[in-house]
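Pasting the structures in now, so scroll down.
The same chain A turns up in both complexes below, where it pairs with chain B and then with chain C.
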Partner chain A sequence: MALIGRALLIMALGTAGFGIGASIHGARTGRREWVDAGRRSVYALAALATIAFAVLEDAFWRNDFSFNVVANHSSTTTPAFYKLAAAWSSQEGSLLLWVFLLSLWSSLILFLVRKRAWEITPYATAVLLGFAAFFTSLAAFWANPFTTSANPPAEGAGLDPLLLHPTMMIHPPMLYSGYTLLTIPFAFAVGALITGRLGAEWISLTRRFALAAWLFLGIGILLGALWSYTELGWGGYWAWDPVENAALMPWLLITAFIHSIMIQEKRGMLKVWNVSLVLGAGTLSILGTFLVRSGILDSIHAFGASTLGVPFVILLAVMVMGSIGLIVWRREQLRSDARLESLLSREAVFLFQNLVLVGMVFVIFWVTFFPLISEALTGTKVSVGPPAFQPFIVPLALILVLLSGIGPIIAWRRVTVANLRRNFALPVTAGLVTLFVLLFWPGGPSSRPFALIMFALAGFVLTSVVQELWRGVAARRAMTHDPVPLALVQLIRRNRRRYGGYTVHAGLAVLLVGVAASSSFQHSDDVILSPGQKAHVDGYTIRYVRPVETVSSQKIGFGAVLDVTKGGKHVTTVTTVRNFYPSQNPADGLIGKFFDTSNADSEVGLDQNLRRNIWTVINAQPTPLAPLINKGNSVFAAYAPQVMTKAAKLPPGQAQSAMNGLWAERDLAVTEIARRFVTHPWPTEFLLIVAPLVSWIWLGALIMGVGGLIALWPVPSFARRRERVASPARPTAPPPVPVREPV
Partner chain B sequence: MHVVEYLVIFAILLAVVAFVSAPVRRALAGRSDDAGADQAHAGSLAELEAAREAKYRELRDADLDHRTGKLSDADYDELDRTLRGEAIAIMHDIDRATIDEQ
Partner chain C sequence: MDPSRKRAIRLTVALTAAVLLASALVYVSFTAGNKEFTASQLLARGKPGQTYELAGTVLNGSVQRDGTTLMFRIRDPKLPLSVPVRYNGIVPDPFAPGRAVMVAVEKGSAGTAYIGQGNSLTTKCPSKYQAAAAS
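Showing the complex of A and B:
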């Protein structure tokens, strides 16, 4: 099967190459047959990538350790779900996943526009196939997932324990879907620039794909944060890690793009800005992929050092120089058709919001790459952490929340002062009431001004969104007399972009309240406890009740049952475990390999509700067991060769039985040593955290996702809706400009 | 075993070549139904139709802004008149483009 896989990659590369040539030839000569052949190349590429990916998944499923990638990233004891997902835990498999997803999304857009945009589409097809050719050639020649070994091992190395987490298995496909979807607006923007068709068409073709990229990338980022919070054992959800930042930057740019294209659609303004945003987001998506794969910046999410850096740098250089060149070439056609009429208008708010988002991207980019910049200039790689981001990002986030509250309650083009007063009165009052209540709240957040301002602004945003929904419902009911729930559903259904967007704003406010509260008012303590001892964190008493241990063929776990009380009342009981996975290093010894501290992960003991999270993790170390482990290693180092020598002289059935006896004795020894964590417990380190409103982060993200789905859901075009009710229009008939109808 | 794999690879290759080259082969055989279509014209029409959709959306947005109290009556009347004028101009452009195409 590996041969078929390798052949599929070569065929995919050839198909992409042919498709690029056919699309460009078709576009330049106006011959549809070549354009169609180019589009079919994308479909064929999708089929080839799908088969290739199925071949790889099949190898993982069958534990075919002749595939090097399977031997290095899976084992017979890897659970079935993780076996299928292990394909993308490797550099090689994830490159194939990139090609697979890119070809699927490219096929979808090209199928949807197959009878439209005949000028732009061939160039967009060539660009999409260019990306596909790049990643396919990496998979075929640099990191081939179908390389095999003539002498496959009997057992694989297994999946990295940190990846044995449900979110981590969904996180990469979501993130890669976001990245690959970002290439679609990029490709159509390039097509629009080459052909000079820079009006509303390329935007209407790609808006939904930009939204889908925003949604998928957002889900990917969120799942990464959830994994970090529940798996990595440091108690946080966002570390400003280079790879996290690499996903956040294009997400912020595409957020700006989704807003600013509305200004271009309505006013014909910001054309240069919009193509720059979409080209920038596409380039940053490749930059993010480069960061994960090159190993140039240290990150827990990266694949480590590799030789893929140079091809990526070349691709990024082509994208940046090409984008700048195209924009300069088309600068005359990119001039705005209109000017900003008033600073008191929704387009002005969108413009400010765009500047804030781009400002955030600049800050994140600069600080993320500062270690490389400092190394290039001074020869010393300076480390930067979260404190370097916060002084800039926190004020920008506050402005962003403020603008997300103003946007929904201000009209396009211009507003009068009387309307402004009417629309702002309630939200501003709500924000001020929130501010004053919290300011004078006993033990409240007055000591943390940024958090306080964030809470007040969230009050403003949520009230403005609720007010908008209520007024919309009232306007609809005035015409239709529908009951309130029906009027609300119909209002949202008929204005999905608007109310989907408002829902996202509400979710953002909720999410950032969670971030502000949990980061400003978190209490944590790093303690060493023996069974029966207690620690006090933020009014909670946490008692180490008893140690627990688990031994299986996959891991050894040292855990603790913790009892949490407050004011003498029982609150919750949580269990946290430190798991050690067998190492593959023979130097660790036959017993020591099961107590490998470098191959460990944490199970967090977590009790969460909407008000607060109690987060605990044990950092148990097998150090006190070292004498026993060393003794066991010595005994088995002497005993095992004797058994193996004897077994070699026995018939196969008896030899297997002798070896099984040896492994059973070893397992018994490991179990007895591990049991000492319970029978002779030693003082163990714990990290205990009590943080308010962490769940609001996940809740806010969920609300944002729902809003994104509402905005993404397709609606029939106004023209088609009208055609259904109107008689067939003659070319000279009066144009059917919409009559007023229920909102 | 390898023979079967080579056969599978050959079959996939044939299928891909046949599928991808079908439009070109059809054109060479003189059976292309839309070769030589006026793409530039279709592009202009598509641009205008996208502009019309955006203008309709803007009209509806202005209407909703008015009904939810974000636009005064006077501002709304003026804006609505302007937008309808712009929409009618786009419709006339579409009509002209359609007649030219025919």
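Showing the complex of A and C:
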């Protein structure tokens, strides 16, 4: 099977190479059959990648440890769901996943546009196949998922316990879908620049894919934050880690792009911005893939040193140089069709939004790479953490929220006093009322100015969204006399892009309220407690009721039941557990391997509602059990070889029975030792956090996701209408033979 | 006002804002950042009573606990050296022997361990692209 997999990779590489040549040849000669051959190469690549991925998944499913990647990342005891997802927990498998997803999305876009954009599509096909060839060659020659071992182990190493979490298994496919979807508008932008067809055509072809990329990347980022909050045991959801930043940067740029293209569609403006944003987002998606696997940062926050750095640097250099070269070459055709008439206009707001988002990306990029930059400039590596981000990101985020409220309600071209009065009176009033109420609220956020401003801006944004929805419903009801709910549904159905966008803005406001509140008003305490003892956090009393322990073949857990009260009234009861997974190191001993502290994770004790979260985690350590563990290791170190020696002389059935007896005695000893955590509990460390409005973050993200889906959903055919663009570029009928644009 | 003059003014304002932002960013990066020291640099240049940002990999077999105190050694990335650290505070879940960590430490008197500052210990993300320990 491994041989089949390796052969499939080589075939995929050959197919990609042929497709690149066929597409370019077809574009340059105007021969349609070569263009079609290039497109069909993408379909063939998708089929080959799918089969190759299926072969890999099959190896994981069958526990075929002759595959090195299976032996290193899975085991017979890995649960089925994680076994299949373990395929992309490795460098090799994740590269194959990249190729698989890229080929699928590429096939989809090329199928959808197969009768359109004759000039642009061949070049876009070549670019997409170029990416596919790059990643396929990495998988084939640098990090092959189908390498095998002549002496496979009887058992695999298993998955890192911290990755045994549903969110962490879905997170990579979501992120990679986002990254691969970003290559599609990138490729079509390159095709548009090469052919000089720089109207709205390439945008209309790829807008939904850009939006899908935004959605998938956003889901991936959210899942990562959720995992961090519920699994990593530090109580936070965002640490400005390079891994996190690597996904956030392209997401911010594609956010700018999907807004900015509206200006090009309506007024023929911001063309340079749009090509730059999409080329930048595509480049940052490759940079993100590069950051997490090359070891280039080689700092505390990067992981996975490998030999892939050089190929990625070359690809990134080609993308950056190529993008700049194409934009400079086509700068005349990228001139705007109209001029900015007023700074108080929707066009100006979108321009400011671009500037803010690009500014945020610049800050994140600079601070993320600062250890390298400082080392290059001064010879000393300087590490920076959240204190370097916050002075810039917080004000920029506030401006972004403000713009998200202004954008939908400000007039095109130039505001008038009437427009201001009509559209801004209510939202501004709501924002000011929110501000003043919270300013004078007892125990309110007056001591945290940034949080206070964020809450006021959220009031402004949410009111502007509700105002627009209300007006749309009222206008619809005036025509159709539908009941309000039906009118609302029909309104959204017929204007999905607009109202999907408004929904996203509302979700963003809710999310950032959650961020502002939870980060500004969090209370925490790191305490040592014995059973019966209490701690006090933000008015809550948290009592360590009793210890709990769990023992299974997969892990041992030491936990605690905690009772939470406030003002003498019971609030909730939570349980937090620290799990220890068996080590594979023989030096740990037959008993000690089950108490390996380097292979541990936390189950957070969490009680959450819309108002506040109570987050607890236990940091139980088996240190007091060391004498018993060492004694057990000694006993079994002497006993086990005797049993094994005797078993070796017995028939297979009796030998198995003898070994089963040995393992049963071992398991009994482990259980008895673990039980001491309950029968003879020792003082244990807890981290206790009370934070307000954390749930608003997840709720806001969910609202944003729903808004994205609404905007992405295809418009029903009976309601479809042609978009009027100021710079039409789509020909009314395809020419019989594609013609190459003169340079 | 002449439209081209308007555009020139806007461009000037935008570029000025960008330069100011970039300058502030550079300044904050250098002042908010912490110089990283390896084990060998700390041994060579560390002064008693001073606090340093120590970065390196946790030496295999060096992790011990004494109640709530975590004791481990951080090895130099290039030289066969390591320094002992005593740490009290939040230990991130990914902390493990062989994993890269960073911790703020205060150098004690000669021959004693470096004292880790509370809650300053950070670790690498769990590596998805390195194999777990071999069986």
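To be clear about the criterion, the second predicted complex is superposed on the first by the 708 of 743 C-alpha atoms of A that agree within 3 Å, B and C clash if a C-alpha of one lies under 4 Å from a C-alpha of the other, contacts with A are read in each partner's own complex, and residues count from 1 in each chain.
Here is the rule we use: a contact is a pair of C-beta atoms (placed from the backbone, for glycine too) under 8 Å apart; a residue touches a chain by one contact, two chains touch by 3 or more.
From a predicted model like this one, the values you see are computed outputs, not experimental measurements.
Annotation for the three-chain superposition on chain A: chain B and chain C fit side by side.
In the superposition on chain A, A:48 makes contact with chain B only, while chain C stays out of contact range. Of the two partner chains placed by superposition, only chain C is touched by A:384; chain B is not.
When the two structures are aligned on the shared chain, A:37 is found in touch with chain B, with no touch to chain C. Judged by the touch definition given at the top, the superposed model places A:153 against chain C, while chain B stays out of reach. Of the two partner chains placed around the shared chain by superposition, chain B is the only one that A:11 touches, whereas chain C remains out of contact. Of the two partner chains placed by superposition, A:552 touches none, neither chain B nor chain C.
When the two structures are aligned on the shared chain, A:679 is found in touch with neither chain B nor chain C. In the composite built from the two structures, the nearest CA pair linking chain B and chain C is 21 Å apart. Touching of chain A by both chain B and chain C, each in its own complex, is seen for no residue at all.
Interface residues of chain C facing chain A in the complex, by the touch rule stated above, are 3, 7, 10, 14, 18, 21-22, 24-26, 28-30, 32-36, 53, 55, 63, 65-68, 89-98, 100-102, 119, 122-135. On chain A, the positions that touch chain B within their shared complex are 1, 3-4, 7-8, 11, 15, 18-19, 22, 30-34, 36-37, 40-41, 43-44, 47-48, 51, 116-120, 195, 197, 199-201, 203-204, 265-266, 409-416, 418-419, 422-423, 468, 471-472, 475, 478, 495, 497-498, 717-719, 731-732, 735-738, 740, 743. Contacts from chain B toward chain A in the complex involve residues 2, 5-6, 8-9, 12-13, 16, 19-24, 26-27, 32, 34-37, 39-40, 42-43, 46-47, 49-54, 56-65, 67-72, 75, 79, 84, 87-88, 91-92, 94-95, 98-99, 102.
Only residues 72-73, 89-91, 94, 153, 155-160, 162-163, 172, 231-234, 241, 243, 292-293, 299-304, 306, 339-340, 343, 355, 359, 362-363, 366-367, 370-371, 374, 380-385, 387-388, 391-392, 526, 528, 583-585, 597-602, 619, 621, 623, 683, 685, 687 of chain A touch chain C when the two sit together in their complex.
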